[in-house]
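Next up: the structures, one after another.
Same chain, two partners: subunit A is paired with subunit B first, then with subunit C.
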Partner chain A sequence: MSAIITLSLLAILVLYLGIFKLRNALLSVSLIGLMAALVFELRLWNEEAEPIFNGMVLFDKFSLAFSILIIFITGLILLLSKGYFDKISANIAEYYALIIFSLTGALLVVSFHNLSMLFIGIEIMSVALYILAGIRKKDLASNEASLKYFLMGAFSTGFLLFGIALLYGASASFDLTEIKNYVTTNSGQLPAMFYAGILFLIVGLAFKVGAAPFHFWTPDVYDGSPILVTTFMSTVVKTAAFAGFLRLFITCFDQLQSFWVPILLVMIIITLFIGNISALVQLSFKRMLAYSSISHAGYMLFAILNMGVQASGAMLVYAAAYSVASVLAFAVLIVVKRNRGSEHFEAFNGLGKSNPLMALVLTLSMLSLAGIPLTAGFIGKFMMFSEALSNLHIALVVLAAINAAIGIFYYFHVIINMYFREAEINDQISIDMNYKTVLFIAAALTLILGIYPDFLTHLI
Partner chain B sequence: MEAIIQDIQGIPLNHYILLSSIIFTIGVIGVLIRRNVIIIMMSIELMLNAVNLLLAAFSAYHGDASGQVFVFFIMALAAAEVAVGLAIIVMVYRNTKSIDINLLNKLKW
Partner chain C sequence: MNNLALLLLLPVFGALLLAFVKKSGTAKSIALIFSVLTLALTVPFLVAFIPDASKQFEQNIPWIPSLGIHFHIGLDGISLPLVILTNGLVPLIILSTFGQQQKGGFYALMLFMQTGLLLVFTALDAFLFYVGWEIALIPIYFICGLWGGVNRIRVTLKFFIYTFSGSLLMLIAIIYLYTQVPTANYELTSFYELDLDEKTQRYIFWAFFVAFAIKMPLFPFHTWQPDTYVEAPMAGTMLLSGIMLKMGVYGLIRWLIPIAPLGVSQYGHLAMILAIIGIVYASIIAFQQQDLKRLIAYSSIAHVGLIAAGVFVWNVQGLQGAMIQMVNHGISVIGLFFVVEIVSRQFGSREMQHMGGIAKVAPRLAIVFLIIILGAIGLPLTNGFIGEFLLLMGVYQAGIWTAIFAGLTIILGAVYMLRMYQGVMLGDTNQKAGIFRDIAGSELLVFAILVALIVGIGVYPKPLLHLSEAAVSNLVEQVKIGY
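Here is the complex of A and B:
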């Protein structure tokens, strides 16, 4: 809880720094605050987890591990923000504050123990993001992304709330433990209202995580938002939403698998095919990453489908691998866009010659996203698939393997552009220190996780 | 208070569920077919208020206050969301001089 309090106070402090025009202190203060929150989370690690505040939140190992992951990724993203927001506006404190507020919401989503906290967390997380998506006030694409995100977000919140209301009507409680007890005592004779509630919850949460057939807003919003905000949305927010999804289903609806597993199966297959096939035909690297994030949502749904002892660990590894690789890819995209003015694949032409190191880390990130061995992405996919196999979803794994093969095509597109195409202007792109740090940390993590994944898999 | 709860319980629960579902459906259809952003936002409010009504009815039937507290949360957060949403609409209006969502089709594959 101290982490959540720290972060809310930090965001307010950052706003005050903005009032007093201390622009240079913003980044360092935000990073120190994140560090403090991280320390608070780490200190809770070995303590006995009990639901606190009348059962509102529960800081068990699951929530702590995901909290640490998203705080860490936010730290990386904030490092990238140096010199990024300055170009947009003179008042940049708000952007830092909004990112931190959104992170606070994400922390609530991963540690909720009461459906009201799930709702509040999701709202805190999204409302800040609606603003962030539209921070380029004069840019039509950014406006459109912001409006679409807002409308779709509010619409899906309606579904989520209707689901929560129906569950409450059946079980007379918002508390996860009590809903679980209700399911256990009444198994076999649950009212239709309860099942309808689960359906609405699936719809609402699928909207939030961007799984098909509720994915249609994702590419537009990811494409239109500023790259840094897209990075935040596709890593931190996605991870948090998935962790909340998994937590809800693993605690409450474990015994009702025969009801929702078929629904989820269909969703996974549609998500994988739509994400991968649409990504195949993209010309813009950013939009390709948006579609690839849809297909990764499909892979991450595997963890919810399997629901074994290993499911949380597999989800953590996959989310970590995917987030780190995405941050890497987006960081390179920001640098390339800044220097060559385009997000298209052609902008990457000849990068292998002019900036060999940057091309190398981008290659590493693409390999990780495609799931090639010795990178973190491979371990993530391997764990998801082996869990699914042990649950005898053989047809699903075959389809997913086909999709992973399709994925290789479009991830390698940019690698081919970097190494085998000549650029018109072959000037070297200079990168500043912060970007170098982020690229180094993310690349190192991708390799370490790929070679020695054990320390994450057995964490929770 | 007792009298109100008895009044609420005088009507069968199914009627509340039916009414809320109808209002919710009207909201969903409104979001899907209307092209004016303000009307879409009104439809979203309709969805949220259907949920509020349902929660209040359930709360009275179960004799449990937490449902009504949840209604306050929904109202507060819906207000925050509308504030942000209207700001976004104003921003869009300044750039396009319109609040028709069909104009916003720059992002496509």
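Here is the complex of A and C:
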């Protein structure tokens, strides 16, 4: 809990720093705050977890592991923000504050133990993002992204709320344990209202994680928002939403698998194919990453589908691998766009010659996203596939493997451009210290997770 | 001294060092030193190896215990010849590039790939096998893409996606097998002990077979191969044909057939027919090629088809033939490609019609080329003879017609190989051939070693056969295929 309180106070503090024009202190104060939150989370690790605040939140290993992951990723993203927000606007304090507010919401989403907390968490997380997506006031694409995100987000929140209300109507409680008990005691004679509630919850959460057929907002919003905001959305927010999704279904609806597993199966298959096939034809690297994030949502849904003993671990590894690789890719994209003025694949031409190290880390990130061994992404995919196969979803895994092969086309597109094609102007791109740090940390983590993932696989 | 993991890691160290070397001369010598050192470290294994059916020099370290994955490696009579082949050919391939200007990165990728290949040949854990399988692929993709010909981008991507799709199928099969193992691990022996029903084995067969057939490549999964061989730089082609295609054959012997014998008895005939179609088909196409590299690429399909047929008949002769022929093919094909490299560099073309009459001006090249070709077509007293003899003897037990069609590979092989020799070496000396420079220096050294191996194995193949004999006959006894 202290972490959530710390972060809320931190965001307000950052806003005050903005008022007093202490621009240079913003980044360091935010990072110190995040560090403090991280320490608070770590200190809870070995303690016995009980639902607290009348069963509102529960800081078990699951929630702590995901909290630590998203705080860490936010730290990396903030490191990238130095010199990034300044270019967009004069009032940069609000960016930091909004990102931290959104993170606070995300922390609630991964540690809720009461459906009202899930709703509040998602709202805190999303409202900050609606503003962040449209923060480039004069940019039409950014405005469009914000409006689309807001409309779609409000719409999906409606579904979510309706679903929660229906569950409450049936079980007379918002508490996860009580809903679970209700399911156990009334198994076989649950009212239709309850099933409708689950259905609405799936729709609402699928919106949030960007799974097909509720994914239509994702490409435009990811493409239109400033790159750093996109990074935050596609890593931290996505991870949190998935963790919340998994937590809800593992705790409450474990016994009703025969009802929702077929629905989820269809969703996964559509998500994989739509994400991958659309990513194939993109000319913009950023938009390609947006579609690839849809296809990754498909792989991550595997964990919810299976809910085995290792499902949470698999989700954690996958989310960590995907987030780290995405931060890496977006960081390089920011640098390239700043210097070459384009987000298209052509902007990466000749990077292998002019900036060999940067090209190398981006290659690592692409290999990880594509799921090649010795990178983190492979372990994630491997665990997801293992989970699915142990539940005998063989056809699903074969379809997923076809998609993994399709993925090679677009992930290798940028590798091919960097190494095998020449640039027109082949000047070296200079990168500052913060970016170097982030690239180094993310690349190292991708390799460490790929070679020795044991410390993460059975954490939860 | 006999630390197998160290042998595997040595090329990685070399690769890491080479990644920072810019100067071509230094890079070459470092690469050569590391590859020769690796070869030298292989010798103690050969000396200490007891040629029986057991696994030796085993190392088993828990790697990802929570997922049941072990870093389990070891050698037996089936893997040792291939480890020697890998470590023996890499120095030769590096030596063959001494005439070019290459940076450290080129050699770094080569050495990195060597580790992947060694991992494939020594892995006794399926997960490890898959990891080696994939990490051998990444470096060769970059070697072909960075230093290849004009169409390299399209061709190498096709190659990568082809092989990657195959290996994903294999990955699914591996994970499925893991879920069936009661002790939850990826050990080879656990997979051998599984008692799967026939239906499951059929699926397992196809998942592994497609992966291996793409790698070898067998007809009709071969369409990536000629293009990739042509577009790749010569060292890449040598790695692909000399060593990498043996990964597929090795996979058949070590993983596919012992794990899914019922699947093999169901579909082994089909696989054999595919292999034999490949032999005839590739030989006919090879006969019509003007491009030397493409010609050898197709000849390689024909040769590997015979090897695969020898594996699928699953008797001692066929398997022994396959084992020795894998080594022989590696030696011959590298020699052939090196000749093509030397000739086409001086002519500025790989087309046979632009060449001719080199023998008069370059007698040394003419002699070694002849010996290599004789080895490739399996003349007695050269290395190819004993391999093809054993393979045909094995295939004959499956039926006379299979043997007759498989035997075509020798006749057709002689036809297109000698036609190539005639086109390149004999005939009228044209203007370019007049100023042809004969082989010397490092080139001569490479050829001297290759020729010595060709004649040496041809005259006295017993030591090589002896290495794998016990392991092969044990395997044939353990795993029964009911055709």
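Annotations for the structure displayed:
By definition in this document, the second predicted complex is superposed on the first by the 460 of 460 C-alpha atoms of A that agree within 3 Å, B and C clash if a C-alpha of one lies under 4 Å from a C-alpha of the other, contacts with A are read in each partner's own complex, and residues count from 1 in each chain.
Operating definition for what follows: a contact is a pair of C-beta atoms (placed from the backbone, for glycine too) under 8 Å apart; a residue touches a chain by one contact, two chains touch by 3 or more.
Treat the numbers as computed from the prediction; the structure is a model and nothing was measured.
Aligning the shared subunit A places subunit B and subunit C next to each other free of steric conflict.
Ranked by how many residues of subunit A each touches, subunit B and subunit C are led by B. Once chain A of one complex is fitted onto chain A of the other, the partner contacts of A:Ser173 are limited to subunit B, with no touch recorded for subunit C.
When the shared chain is aligned, subunit B comes close enough to touch A:Gly158, but subunit C does not.
Touch criterion met: A:Val398 reaches subunit C, while subunit B stays clear of it. In the superposition on chain A, no contact is made by A:Ile52 with either subunit B or subunit C.
In the superposed model, A:Ala141 lies in contact with subunit B only, and not with subunit C.
Here the smallest spacing between CA atoms of subunit B and those of subunit C, following superposition, is 24 Å. The interface of subunit A with subunit B does not overlap its interface with subunit C at any residue.
Within the complex, the subunit B residues that touch subunit A are 13, 17, 20, 24, 27-28, 31, 37, 40-41, 44, 47-48, 50-51, 54-55, 58, 62, 64, 66-67, 69-70, 73-74, 77, 80-81, 84-85, 87-89, 91-92, 95-96, 101, 104-109. Against subunit B, in their complex, subunit A makes its touches with residues 116, 119-120, 123, 127, 130-131, 134, 137-138, 140-141, 143-148, 150-151, 154-155, 157-158, 161-162, 164-166, 168-169, 172-174, 193, 219-220, 223-224, 278, 281-282, 287. For subunit C in complex with subunit A, the touching residues are 63-67, 130-131, 134-135, 138, 142, 145-146, 152-153, 157, 160-161, 164-165, 168-169, 171-172, 175-176, 178-179.
The residues of subunit A lying in touch with subunit C in their complex are 313, 367, 372-374, 378-379, 382-383, 385-386, 389-390, 394, 397-398, 401-402, 404-405, 408-409, 412, 416, 419-421, 452-454, 457-458.
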